[in-house]
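Listed below are the structures to be examined.
What follows is a pair of complexes built around subunit A, which joins subunit B in one and subunit C in the other.
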Partner chain A sequence: MQKIYVHPLPVRIWHWTNAFGFVALIVTGLQIRYVDLISLMSFKAAVNLHNWVGFVLIGNFFVWLLFYLFSDKIKVYHPELSPMKHFRGSLRQLQYYGYGIFKGDPNPHHVSAYHKFNPLQSVTYQIVMLLLVPLQFFTGILLWDLKHFSGAVEFFGGVRVVDTVHVLLFIFFVAYIFGHAYLGSLGHTPTAHFKAMFTGYEEVETEVERGEPAQTLT
Partner chain B sequence: MRALRKILVVDDDPVVGKSFDRVLSEKGYAVITARNGEEALKKLAEENYDAVFTDIKMPGMDGIQVAERVKARRPWIPVVIVTGYGTADNEARAEAAGVSGFLHKPLSPEMIEGSTQKALLEKDLAGAPATATETAAMPQPTAATEESAWKSVALVFAAPFVGLAYVVALPFIGLGMLAWMGAKALVPEKVARFLKNIALFFAAPFVALAYTIAFPFIGLGMLAWMGAKALVKRADSE
Partner chain C sequence: MADDRLIQINPFRAGWHTISMRARNGLKRENKGTYMANGRRDRAWTRAKFHMGLIIAALASVLLFPALFVTAYAAENALSEADKQCLACHSTEGLEKKLANGDTLSLHVRGEVFANSVHKAIGCAGCHADVDLKTHPGSVKNTAKNAREHSIARVAICRQCHEDAFKQHEQSVHAARVKEGNLIAPVCTGCHGSHSVTPKTAYETCVGCHAAALAAHQKWLPNASVHHEVVSCAACHAPAALRMVDLRLYDRVAKVWLSEKEGQPEFEKLARSADADGKGLDPMELRNLVRQINRNGNGNGAPPWKTLRGRIELRTNVEAHRLSGKDAAIRGCDNCHRSGAEPFQNVTVSITGSDGRPIRYDAQKEVLTSALSIESLPEFYAIGGTRSKLLDVLLLLAVLGGAGGTIGHWTLRKLSGRYLKKSESAHAKPGDQGRPSPGNHPDNGAR
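Entry: the complex of A and B
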């Protein structure tokens, strides 16, 4: 096994803060939404905690954003501009997740510091991190102080529209967290990717171990 | 008939040759390796090659000497220097020898493929004598010819729409190019790279969204294409 440093410290701090923060937001969000069904805490405590964690995560988002904007690792989030290459890679990855993985085929994506996402992860993270998460924050801020942001809320179609978008994104993120944890367990051992998110180092099979000629080239 | 293009990779480290082979052989290139300059020149004397990639530091003759010899005998063959650490002196020597470019280690598959395509394009544009060798083992492309006939019919019908798209896009591309050239002239390279990185970063979710929307159609299209091909093949065999 070869170790490659793919998760720099700011990314790891952001990731785990985000993970625990999102769980807290989901729990408090459920408490706020289903106040009659769940009684983990008082409604007021749930709202306060939800707001505070929300602001911590907004700050945390900027840790992630600024790190990538001012580091050469920004390339990790660059789009693949060749549609042919993107779709070919996506279909290969999809075939691996849907079929090849159960036969013990090797993962068609090989991780490197500047190419850590496979094509499917790449588009998912680009959409999640740069569209959906900011949209969730934005709708959250509008709902946090409806009076203050009444003009903007009105502009977007009223509280019901803003709230619906916030809740739909919440449903998406709940599903996403389960999918993310499942896919995170598909390393060479079930805990390999989780460990890597603590240490920063992904363990990658060498070409010899994969029974192929060199992939991580020279 | 398709022709295999032959690439000679000169490096005393066999891993480099294997890397090239792994990346390029699946793209339809033939990769031949040589462990030193002498062996490379011998191979070049025996056969024609479309491009040469050579390491600088090797026992005996160094890569720049290899490049000089190749260029002296066959100036149309593009030579690319592969190096882990390029010194200004080496780069100046290599440029004086007429090399096509430098490839800095560590190499990625994209770098290998990109530089090969670039080198071959340069050779094609220079109008070099044809050196590509046709593979005897390659099957006669009857099916390929039929496929290309279908393709050309499809292209004929698609042509006006593609042309229209080009016409609509032309002024934007022209303006974009003007803006790009102006920015390149005015903005220092480092700042330009930084801005390009950021522009790509923020463009990423929209490209990703477009890909995601297109993905099911591409998948269905591919299924339809494979089905049609299978039907045509079956009809032919009957």
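Entry: the complex of A and C
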């Protein structure tokens, strides 16, 4: 096994702040929306906590964004420009999760410092980080001060429209957290990827250990 | 109504300013051009334009200014002959009398204001039955020592017709302050005016005295400004009263409440035809009504600019008189922000009538929570309280799908792992390395 450094410190700080922040936002969001069903804290406390955590995560988003903008590690997010290549890679990855993994097949994706995401991850993370997360922050800010942003709220169709977008994204993130945490447990040991997100080092098999020429997706 | 009339004057003034400013700006621009071109014709043209501007402005002022008096006269003209007889003297500005302590009691009544009040129907004699025209003036014995005592004494007249509101008011913080001798606590006329009596639920009535209310609420209430817009003061400050949601038609473009044209009421007819079963507008019927209202005079295909804006009010305004201080007022967010909250059990759709009073039509409470409301009620939403059932179902599916999917996948991995191990041990040969178990392949380097 070989250790390779794939998660730089700013990414790890961003990731865990984001992870705990998202859980906090989901819990307080549930409390705000379902005050008749959940009694973890008062509605007002939930709103205040939700607002504070939201702003921390908006700041945290810029940690992620600025790190990647000013680092060569941004290559990990470079999209695969050949649609066919991307489609084949995604299909291979889906085939692995849906079938190969049950037969004990190896993961078709091999991690390296500048190529840490499989094709499914790269497309998912780009949509999540560049579209859905900013949209969630944006709608959250509008809802935080409806009077101040009344022009924008009206432009987007009204408070119910803005809130519906916010809640739809919230529903997506609830499902996403389940999937993300579970897929994170599919390393060579159930905790391998979690450890890597703390230490920064992923343990990967060398080509010799695999006994086969390295598979590349690019 | 007097204030409304004043506001009507302002656009005229703005128009005058606009005209004169344009004339001046035109002069300035043209002067510059003249000096640059150094031509007499240009200067002559500039002067002509300036003079034309002045003439237009003068004509506008001559034609429009009397229009205001015509409007006021028309309103006054709608009064009965008896009332006009009273106003013959009482419309005189500065008419007043001195009370025992030297306080001045104004006897001046603006006829057009009274003509627009709800008391126009009962006329002057409705409240001033003690006045005998044969001996008036001089017969009225006002024994009040001061203006305050006079206002408090006149409450008895309001009570003759508004006993129910009076009883509610008696239990209010306002009545308590009056009894304590507070000199600024309002009696009936404090909020409703004396001759301009109109129903008062407007925010402006309360902040007329409680000017610091918004700042005080901002200290503890998130989105306090929005709460002040969509929740009437009485909804929280009359805690014993029952609440409802009124959805009022609003013009998004002109930024004014829609109102019925005098003599051509349409809203109720449209609502009645939309409400097929007569049980109140359901979500689909409300959506159709909003579409219909937007089609009437908006042109097909244009974006809907007539919308409904919601406001939490009291079911009966009588109860709005039992106002409490901040200690007894509702502060708990979950009074509204919970599913099935009391204010959302009764819903009306309304338009401002030609007399300024709302014309209401019942709607079913489901209009607040239906998925269709995103079209018909995009501008009214109380987090938690009017949440969409469809989104609740989607969230449940997301949780079940997320948890079920991961548990299902994990179970399949474990089962297939056991099966693989069994089949491998059954077919094991000496020196066979075996296959790794599912999901734990050493090279599963990515999620």
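Criterion: the second predicted complex is superposed on the first by the 212 of 218 C-alpha atoms of A that agree within 3 Å, B and C clash if a C-alpha of one lies under 4 Å from a C-alpha of the other, contacts with A are read in each partner's own complex, and residues count from 1 in each chain.
One rule holds for everything that comes next: contacts are C-beta pairs under 8 Å (C-beta built on N, C-alpha and C of every residue); 3 or more make two chains touch, one makes a residue touch a chain.
Keep in mind that this is a model prediction, so the values were computed, not measured.
Superposition of the two complexes onto subunit A shows subunit B and subunit C fitting side by side, with no clash. Judged by the touch definition given at the top, the superposed model places A:L130 against subunit B, while subunit C stays out of reach. Legend: residue contacts after superposition of the two complexes on their common chain; A:A175 is shown touching subunit C, with no touch to subunit B. When the two structures are aligned on the shared chain, A:V161 is found in touch with subunit C, with no touch to subunit B. Of the two partner chains placed around the shared chain by superposition, subunit C is the only one that A:I101 touches, whereas subunit B remains out of contact.
With chain A as the common frame, subunit A serves as the apex of an angle whose CA-centre rays point to subunit B and subunit C; its value is 130 degrees, to a multiple of 10.
By the touch criterion defined above, A:G151 reaches neither subunit B nor subunit C.
Residue by residue along subunit A, subunit B and subunit C are tallied for touches, and C comes out ahead. By the touch criterion defined above, A:H78 reaches subunit B but does not reach subunit C.
Of the two partner chains, subunit C is the only one that A:F43 touches; subunit B does not reach it.
The minimum CA-CA separation between subunit B and subunit C in the overlaid arrangement is 17 Å, rounded to the whole angstrom. Those residues of subunit A that touch subunit C in the shared complex are 1, 32-36, 42-44, 47-48, 51, 97, 101-107, 109-111, 116-118, 121, 145-147, 154, 157-161, 163-164, 167-168, 170-172, 174-184, 186-190, 192-193, 202, 204-205, 209-210. Of all residues in subunit B, only 13, 15-16, 18-19, 21-23, 84, 105-109, 112, 197-198, 200-205, 207-209, 211-212, 214-215, 218-219, 222 touch subunit A in the complex they form.
On the subunit A side of its complex with subunit B, the touching residues are 68-69, 72, 74-75, 77-81, 83, 86-87, 90-91, 112, 115, 122-124, 126-127, 129-131, 212-218. On subunit C, the positions that touch subunit A within their shared complex are 222-223, 225-226, 229, 252, 307, 332-334, 337-340, 373-374, 377-381, 383-384, 387-388, 391, 394-395, 398-399, 401-403, 405-406, 409-410, 412-413, 416-417, 420, 435-447.
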